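Data first, discussion second: the structure below is written as structure tokens.
For reference, chains read A, B and C in written order, and residue numbers begin at 1 within each chain.
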Amino acid sequence: MKNSCRLYSPKRLTEGLDAPTRPAAVRHLGALFIGIAVFGSGGCTVLGAKPWEHDLLAERAMQVSAYPIEAGMDDHIYFSKEASSGGRSFAGGGCGCN
Amino acid sequence: MASPCVVLVDTNDAFLGAEVGEIVKTEALRIEAKFSRYRPSVVTHINETAGDALQVDDETADLIDYSMECYTLSEGLFDVTSGALRGAWKFDGSGRVPSEDQVRDALRHVGWSRVTWERPILRLQEGMEIDFGGIGKEYAVDRALALAAAHTRAPVLVNLGGDLRVSGPRQDATPWTIAIEDVDRVGSATGILELLSGALATSGDTHRFVRRPGVRYGHVLNPTTGWPIADAPRSVTVHAATCTEAGLLAKLALLQGARAEEFLKLEKVRAWCVR
Amino acid sequence: MQLKPRVAAPTPGVRRALAAAAAGLLAGGQAEAQEAPEDAPATTVDSALLVYHEVNRVQAIEPEVNVSHKLNEDSTFNLGITADSLTGATPLGAVPSTLPQTYVRPYKVIPLGTPVTVTSASGGSTVVLVPPPTGAKTQTLAASTIVPSNTYPLDRGFYDRRVAGHLGWEQALTQNLKLDGGVAYSKEHDYRSESAHIGLAQDLNGHNTTLSAAINYESDLSFPIGGTPTPLTQMNGDWKGRNATLHEIDAVVGITQVMSRRWLATLSYSYSDEHGYQTDPYKIISVVDPVSGQPNAQLYESRPDWRRKQSLFFDNKIHLARDVISASVRGFKDDWGIKSLTADLRYRWQIVSDFYLEPHLRYYTQGAADFFHYYLVSGEAVPQYASADTRLAKFHAQTYGMKFGVALNEISELNLRLEYYDQHGNGSPAGAIGQLQQQNLFPDLKAYTVLLGYTFAF
């Protein structure tokens, strides 16, 4: 019989939950540079996660706009020292410093 | 209820123990009788009146409200009208599996969306039935414990066939020791749990199932499709504040099939599964 | 036998509602029909203080506060205000020389006849009176700076105070469609900017895919002291040009895709169209002697009226067991001939549940604008557009940073970010004339940033 949840026997039971799964970091980094073709394929069920798998994505660190002030200040500094702009979002107010 | 029921009272007073036992037994039997599917009861009356409207009492109305809430939160997976699927799925050990048409026919009498519920008036469509079996036992544990706790301040544990709840820690704040029965070897313990508060409920799929190559179909059916859940754990035990909540979470986990553990982890439920 | 494989799953957060429903049932009252009250806080306050220090150049301090308030499940409004104070020295655009040089720019405009006490303008420059033309009602005080020999020319009197604010609104139109919009305003002593934007975001595939599109319109007014200088004319302290405007339209389209439970990717394309005054009124370009390389004239720079920019941005967030990797790449191109590439990598090392360390690396490389010249040569035809602003030159830059984050409780965080920016261009371009061969025409820019941030919610 395969126990996929841990059942302590006959020790004290404190947590009954699994150890976290091994991260698939290497696999994901390898796929990082997949071309644009994977996007926009309509009712694509290959990519994505089930609703109950959106847990990690809800964390602050995973938000695209996680630290808006920091991102805004970065954008402003680089805008005033370099010739490029744009990318993530609008600067939201010029400053004549470019 | 065919499973053993136990009441434990942590006290030196034997009379108190007997009194609490009596209170719990009375309440448990009352609920069993009221919502039984076999003997004449509120539920059998509802099922016989399917097709017409009828008025129900407050307690039944509360259970119906709760069932509807569970139906909504589980997006249809938990459905007290799913009993009608027994017409298609017999689970008599023959390993026989119904045809698509048989399942489709049975499904026509299943689905909370077909019920008209405007408290206190309930109207099932003809051929439908409701069954509180999925929540009745846990509800009875909570109700019985509430009555026992109202009667005495001594720590009480109420266990109705494996679904149990404690009123608090034992005297001197020590935990209750619960032995978890081995799924395969009845009577022998596979683990020990120390409980300080709350309730435990177990949902299981062990005994009746149909095996097909590579997949085990338990007797838990998905009321939205009419087919069994594939690769569900053999049992899920959940710890929560109340037995009602624990029981529902255990059933919902079982209904996730292969993803039971993920569901429990996501909802941050203290639980364990046996596969 | 056919088995339908997909099982609809309850949405996360079901537990709280179930607990409330069970509690309702057991209380003997009617089971709660609605979900447990949302105990997530409705108002988030995000604040930060930036201290920016360029070695031998500009220093800035900038506080900022953003408040975001959820009015109900569907609408949020946000409000932000920021101020910054810049002082220090900024490159003039002129080339260094073995001889000392004098630079002048307008400092103050006063009505004719006002008694003038000559004091020293900030940054060690002297105030001089510029003789007014006949019939003028005002006269200009100019600040005059002397740049020693063999020193990269900087305008030391540079100062700026800016105040900016923005107001925004986010509205969920349906479960999957969101509208957002906002306005922004920024003002400093010689520049004003107003902008408005509006955007839509559509979720598909069960919130796994988000398509977004937004458009922004910006209108700027440049009003340096004395008006704007006439481009490609000899530097003087008495500008006569009018205030100048700039209009910009930006459009962004993007797709954000949940690649897996642990990986979120975004691809976006933006296009900008700017029309109007894009010249920096304070920057000059030297005209040098064709043999000795000594500057013999300083002209105000000139940039085109139109600029069209495009960029493609690819961002990834990957959640490992506890840590998060953020990696992005941006490619940029415009019709001034500038091309650039940016690569940004952060690794959020979640040491314990309420403390993290985040090292950061950014690499940037850009090519020069078509009209960028380190200097002009006298005797040669003056081009229509010319600028010696090194921000338009070919260079590369690295940023190295470390961020420390402490979660004070479930909804508030204190963080500190330290960064070092190093910009390096070619200070000895091939073909440099005469004395310019021994000068550094593009000194490295090094800057330190300290950013203290505090977010809390209630």
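Structure notes:
Keep in mind that, in the parts below, a residue touches a chain if its C-beta (ideal position, glycine included) is under 8 Å from a C-beta of that chain, and two chains touch if they have at least 3 such contacts.
As the structure is a computational prediction, the values presented were derived from the model and not from experiment.
Among the chains present, the centre nearest to the common Cα mean is that of A. Distance from the centre of chain B peaks at C, each centre being the average of the chain's Cα atoms.
Centre to centre, using the average C-alpha position, chain A and chain C are separated by 24 Å.
We define each chain's centre as the mean of its Cα atoms; on that basis chain A and chain B are separated by 38 Å.
Rounded to a whole number, the gap between the C-alpha centres of chain B and chain C is 59 angstrom.
Multi-chain contact residues of chain C, defined as those touching 2 or more other chains: 9-12. Those residues of chain B in touch with two or more other chains are numbered 259, 263, 266. For chain A, residues that reach two or more other chains under the stated contact definition are 50, 52-53, 55. Chain contact summary for the complex, chain C toward chain A: residues 9-12, 46-48, 50, 52, 62, 64, 66, 162, 164, 166, 182, 184-186, 188, 190-191, 193, 195, 197, 205-209, 214, 216, 218, 220, 222, 246, 248, 250, 252, 255-264, 266-268, 270, 272, 309, 311, 313, 315-322, 324-325, 327-328, 330, 332, 334, 336, 338, 340, 342, 348, 350, 364, 366, 369, 391-392, 397, 413, 415, 417, 421, 423, 445, 447, 449, 451, 453. Interface residues of chain B, counted against chain C in their complex, comprise 61-63, 65-66, 69-70, 73-77, 97, 100, 119, 139, 142-143, 146, 212, 215, 222, 224-225, 227, 229-230, 240-242, 244-245, 248-249, 252, 255-257, 259, 263, 266-269. Of all residues in chain C, only 1-5, 7-15, 17-19, 21-26, 28-33 touch chain B in the complex they form. By the touch rule above, chain A contacts chain C in their complex via residues 20-25, 28-29, 31-32, 36, 38-40, 43-45, 47-62, 64, 67-70, 72-73, 77-78, 80-90, 92-96, 98.
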